[in-house]
Amino acid sequence: MKQETAAKVAVESRSTPWFNLPLGLRRSARENGLEILALLGGAAIWEVLGWGLGLQWLPPFSKVMEALLQFVRSGTILANLGSSLQGLVFGFGLSLVFGLILGALMGRYRAVEKALDVYVHALFVCPSIVFAPIFFAIFGLSDAARIAIIVVYSTFVIVINTTTAIRTVDPSLVEMARSFGCREHQIFARILLPASLPLVFAGIRLGMGRAVKGMINGEMLIAFVGLGALAQRYGAQFDATKVFAIAMVVLIIGLFTNWLIQILDQRFTSWVN
Amino acid sequence: MIKVRGLSKEFGTLHNGSSGVLALSNIDFEVRDNEFLTVIGPSGCGKTTLLRIIAGLIPYDQGEVAIDGRPVTGPGPERAVVFQNFALMPWADILTNVTFGLEIRGTPKAECRATAKELIKLVGLEGFEQRLPKELSGGMQQRVGLARALAVNPQILLMDEPFGSLDEQTRRLLQEELLNLWERERKTVVFITHSMDEAVMLGDRVMLMTPRPGKVKEMIDIPLNRPRSREVEKSGAFLEVKEYLWQNLRAMQVSES
Amino acid sequence: MKSSVGRDWALRLLVFSAAVGLWELFVRYSQNFLLPSFAEISSALFRLFLDGRFWKALYISNQALLLGYAASVVVGIPLGLLAGRFRWMDRLLNPYVGVLLAMPVAPLIPIVIIALGLGLSSRVFIVVLFAFIFITVNTRAGVRNVEASLIEMARSFGASESQIWRRIVIPGALPAIFAGMRIGLGRSITGMVMVELLLVASGLGRLLLEFSGRMQSDLVFATVLAVIIEAIALLTAMQAIERRIAGWAPDSSIG
């Protein structure tokens, strides 16, 4: 995905309903209401089909919810959830550091961009999970392997968005600052940084989503801890109800983290047109 | 005063010397102190490039550009620019935008804010200090740009088609306001425009430029008294100069096609 | 600017060499005697390409990819067209699309296995799960982004619904549709890899398991590299097709 693409994706993701996950913050109560209705409708259909068809792999929606509540009440999944989230936080944190610094360097210095863009682009488009066997070979069955997978999943979208963010700062703003005698570091701090914030946040949001996927995908493969391990275990037991419940948990994590970033985003970039 | 002698500027010259586009060729003119000079010419005559060179934003290849005898090597405190697309920082409120130039120069915070508030009042935006640029109309945004430029108390105001992206009513209003402001202090102004009305209405002299490469065709005196009001647009002198400009610009346009 | 293109590639080569150098250092100083050096990986890659088993495995794995991708396109595009054109359908599908976009497919894989077993059908279905929603989303965006004024213009000349579809909507939405197909291809490849690594029924996943079981880490790395090369090759080809068909439009893809 080239720079202009990334920029447009980022901008789109701020405003398109299809990217603002269900119950987005900026939409009217009525719109939210309609969507909740649609979701409830789907749940109802699921319920009916679940009871009616009696398939092993399609438990009724209520049973899945029951299993979910059971998890919460008995704290069964707490340990696994904890280790999943730990890995997520650590991995995403690393991605942020790598991604923002690399993206800033590439955005600021043409030479760095030209040297690395081919690799960043290649790593961005290829399916990140393919690195799992490599990390397994290097780190063995360990947390490091899981975290490395998360890093590979989310770093590059952050890099690309950050690079684009800095490159697409309105040049007349930079010129204006220079006309008042700003030095390079002043231009960076006073103009480039604030101006690039919206796109950088978009990248962070996308990166967060990718990190959650990396977390669960990695855990399904390097399955010794975390929610992924549980999903594998319940799958082996043919317990579709519990597997669905785990999937719900992961979905909730994804929605929640996205919502968090959205809050931060709006706090810092409410000035965008 | 601004002195320009033998100025040339080329764009796109490669390192091996093969040439690019000659934007300006052998530009020679002077701007006197406290003069309001308007610059007009068709697209491609290099007027924006010229302004940016005087502002110290881009380098030039040949000739000399001097302000009060000192050659221009970069931006300086005696000059301030007003931009066509306003160039306001969208994340900062109006007050912060106006204090920008002062802050960069290290003026203490309290003084910055005081000066800014004064100027915001002067351009008629009192009460809007906490608003964001996106909440303001185009005309109001340009007033902020003007306030920002005036805040640093420059000797020279460089204005790059400042009203070009505004609708006609707003433009005419701002022209009058600009003239009023200018009458108070009579800074030296170099004002780039596309509009003949504007060039004659505002300027003491008009500099007519031709394109490809950009050259000064003529410096035309505007024999109109100051202070000027809208009435002046109906006067014979105004119409004469405007007609003269039109004949020249038309000829340039025709010779293009 | 010919000289700068040469310089760019020189820089990239420099980065590549630096990366290889770092890898060699890492291998040398690591306790892990299983890590292959750059030379070992390269020779393993070469041997892999000469090995019939590899091509057979590739063929088997790509069956799921091809069928899954085709199914995703067949399902995804019409869905996207309908959602783009009819507001009520869009509104109805919207929350589900949001969920499907955010939902990691991996935890659902055990359920697919319970339902469909370990054969080709479950592998294909998983690939579809990974890919189709992105094709839908981009198609829908493409239809929505066709300028309303163009449709109005066509109406003013008396065009019928089907004419509007054929002459305005589809051509106008084509760039986005192709972008969606490109992204869908990427997602399909991801799905295929997930399938291979999780189901390990046959194909590349089985090969990887064999190699790692026999501690042949150089071949493990080589196989992974081969998959990466295939992914990049397919996606680059897709991008070229996209550019050919829809080069006139600015890129605004989702995903």
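Should a chain be cited, it is by its letter among A, B and C, assigned in written order, with residues numbered from 1 in that chain.
As a convention for this text, a contact is a pair of C-beta atoms (placed from the backbone, for glycine too) under 8 Å apart; a residue touches a chain by one contact, two chains touch by 3 or more.
Because the structure is a prediction, the values reported are computed rather than measured.
Q: Looking at which chains touch which, would you call it a line, ring, star, complete or other?
A: line
Q: Indicate, using Cα centroids, the chain positioned nearest the centre of all protein chains shown.
A: Central by C-alpha mean position: chain A.
Q: Could you state the distance in Å from the CA-based centre of chain A to that of chain B?
A: 47
Q: Taking each chain's centre as the mean of its CA atoms, how far is chain B from chain C in angstrom?
A: Chain B and chain C have C-alpha centres separated by 52 Å.
Q: When the C-alpha atoms of chain A and chain C are each averaged to a single point, how far apart are the two points in Å?
A: Those two chain centres are 18 Å apart.
Q: Please list all residues of chain C that touch 2 or more other chains.
A: Not one residue of chain C touches more than one other chain, so the list is empty.
Q: Which stretch or stretches of chain C touch chain A in the complex?
A: Touching chain A: residues 7-8, 11-12, 14-16, 30, 32, 34-35, 91-92, 94-99, 101-104, 106-115, 137, 140-141, 186, 189-190, 193-194, 197-198, 208, 212, 217, 220-221, 223-224, 227-228, 231-232, 235, 250-255 of chain C.
Q: Using the touch rule from the top, collect the residues of chain A that touch chain B in their complex.
A: Residue list for chain A touching chain B: 170, 172-173, 175-182, 186, 190-191, 194-195, 197, 269, 271-273.
Q: For the complex, give me every residue of chain B touching chain A.
A: Result: residues 52, 55-57, 75-77, 79-81, 83, 85, 87, 89-92, 100-101, 104-105, 132, 134, 152 of chain B touch chain A.
Q: For chain A, which residues are in contact with chain C within the complex?
A: 1-2, 4-5, 8-9, 12-13, 16-22, 34-36, 38-39, 42, 55-58, 111, 114-116, 118-119, 122, 125-134, 136-138, 209, 212-213, 216-217, 220-221, 227-228, 231-232, 234-236, 238, 240, 243-244, 246-247, 250-251, 254-255, 258
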